[in-house]
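Please find one structure pasted underneath; my questions will follow.
In this document, chain identifiers A, B and C correspond to the written order of the chains, with residue numbering beginning at 1 in each.
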């Protein structure tokens, strides 16, 4: 008779990393579909290019480090799709590929692969290209152009290493009414212009590929929350703290500060709060730490948007939160059952 | 590895020997520095002059002769060596006929990475600054260095009001960099979006320099017009 | 000690600094100038040559004076001598090229506190005859220059699309701004260190087999 001695846990819920990751991909698919409907070929090509470059980077680092093939855990796919969704639709494809490699190599492989990375890889990739190509990453293209399913935005097909092709004549030829090339946040910052809510929901406002419809993002996020693939506290804390601050500034600071709905619906707040801040490897575990983590991200976002030089601050806020996550977990541990504070 | 190396034998500390060695070494080094300084001085002076003249010429294309002056509380004198305490160096540019065309001076203020230094051109008939040349900056490429190229930003300096108060003691309005697209007055500089700190450094550098220079220069403008003190 | 066969050991001494003990890639010394001034190959070369000059001169002079310098004041003496040569370099660079002088900025004066120099002086020049000290300093200087050039070259190629000011990709090249910013310095240094670590590991594996 043989006896097996095993350490806990003894029960497995049947969920493993690939399952969770696969469902995140499912939740992202409607967002991708919406962006393709908005921007057409360019958006599709960007998502495919960035994802493939992430997978290639993952495969190469597997080979170099002599570890097992980790393509099948879906994490590189998610990194790629999320990264593509944070880039502007007119972003040159070659820069998208650079972002993909930077995301997987700088953001994940260097730290030892999935689970060892302190920062969200997709955001590391975006931060890299934002620092490298500051102009291209703030060049926005209009949505719903007439020939979007048959032609690319000219800058998408820029030759590698070259400056993005000029899109001004393409914008003019498409006769897009009132297109200013500025995001709702930028238009508030520089002109105090309040974007119509309807444009920010239907995707008509200038924005990154995947952040155009706050409503759709929320629905997809709710699916993951309902299936318990995501810690609901994080998005609630991020959005909640941002909302409270935005309301407070608006009430006490007056018209100098943007209305609260603009803060919630514009930019990458929803995308970041639902899909990036919730990354399991880079967010804290204990409930109190999670609340603090979300609140820090929301607060830093508002601080950067209101008082910083940049118009959008979600990316740096989340990276900042990621950096603090281990510390928060350390200092905000749950009380041990039965133990008493002295 | 025996007694050959004094390092391994700990001798009794002899202060006289230490003092003697240090004095010997320092005088040797002092001599070396003075010698090289003497040799390189003319080359450095020519180099600096060439660089400066290039910037002044870029600012004032009509300049055929450039004379250096120092303005101080005592008046305006031809420049000699480094400017004295409280004095401000400026450059008077004369055209082909020898009439004063414009005046250039340098101002600097801390930017994002390092001091941003700009040479600005001043004309008395409009009491304004009519152009700038960035002479030193190490700002972020692609962001801060737009102060050199951004046409909208450079337009600020085509006629920047630096008129003096009636008693000629200070500028009537402080030259100030304001937030992007909020410029209202002739003495305001519209900052570049995303490069506010660098834009502000340019404004502060010009203001600090003009606040000191112009009250000392304007009362003695005649001296400069007649090339007073110049050989 | 002085009667050792000079030829062979001198060659080794030279290679020591260039390859085996490369100050940038192996010892990771002098990181401040290595990261700060290497935005272009020209700056890197200027900084490397300036440091090499100071290294050779200080090491040779200190080696000649090594018997006269009392132990108690040796660091003070070394620093005075190093500072002297740094001041000389400072003047010479100003006389040769003001553009280079402005690009290198305060880092020329900071050669004084570059730990490569004091390290070489203390661990080698103070114990060896002038010729050997000079050769060792030359090797270290070349090694440092190569290190800076490796950083500056890569950063200039990506950050400006050129090498030594010669355009490589034509007018339309998109500069990678991050490469001329401080993070770019760290990225490139990290990649080079990775590369050298990989070389070392491969060599080890071969010797083991």
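The rule is short, and it goes like this: contacts are C-beta pairs under 8 Å (C-beta built on N, C-alpha and C of every residue); 3 or more make two chains touch, one makes a residue touch a chain.
Note that the coordinates shown come from a computational prediction; the quantities given were computed from them, not determined experimentally.
Colleague: Show which chains lie in contact with chain B and also with chain C.
Modeller: A
Colleague: Where are there more C-beta contacts: A-B or A-C?
Modeller: Most contacts of the two pairs: A-C.
Colleague: Provide the C-alpha centroid distance between chain B and chain C, rounded to the nearest whole angstrom.
Modeller: 32
Colleague: Rounded to the nearest whole Å, what is the centre-to-centre distance of chain A and chain B, using the mean of the C-alpha atoms as each centre?
Modeller: Inter-chain centre distance comes to 46 Å.
Colleague: Per the centroid of Cα atoms for each chain, what is the distance between chain A and chain C, given in Å?
Modeller: Taking the average C-alpha coordinate of chain A and of chain C, the gap between them is 42 Å.
Colleague: Could you check chain A for residues that touch two or more other chains and list them?
Modeller: 134
Colleague: Note the residues in chain C that touch 2 or more other chains, in rising order.
Modeller: Each of 177, 181 in chain C touches at least two other chains.
Colleague: Give the residues of chain B that touch two or more other chains, as numbers and ranges in rising order.
Modeller: Residues 142-143.
Colleague: Help me check something: in the complex, which residues belonging to chain A touch chain B?
Modeller: 134-135, 190-191, 309-310
Colleague: Considering the complex alone, what residue numbers of chain C touch chain B?
Modeller: 1, 65, 67-73, 76-77, 80-81, 83-84, 87-88, 91-92, 94-98, 102, 105, 126-127, 159, 175, 177, 180-181
Colleague: Going by the contact rule set out above, which residues of chain B touch chain A in the complex?
Modeller: 142-143, 180-181, 193-197
Colleague: Using the touch definition from the top, list the residues of chain A that touch chain C in their complex.
Modeller: Listed in rising order, the residues are 95, 106, 128, 131-134, 136, 158-159, 161-164.
Colleague: Considering only the defined contacts, which chain C positions touch chain A in the complex?
Modeller: Answer in residue numbers: 161, 169, 172-174, 176-179, 181, 183, 187.
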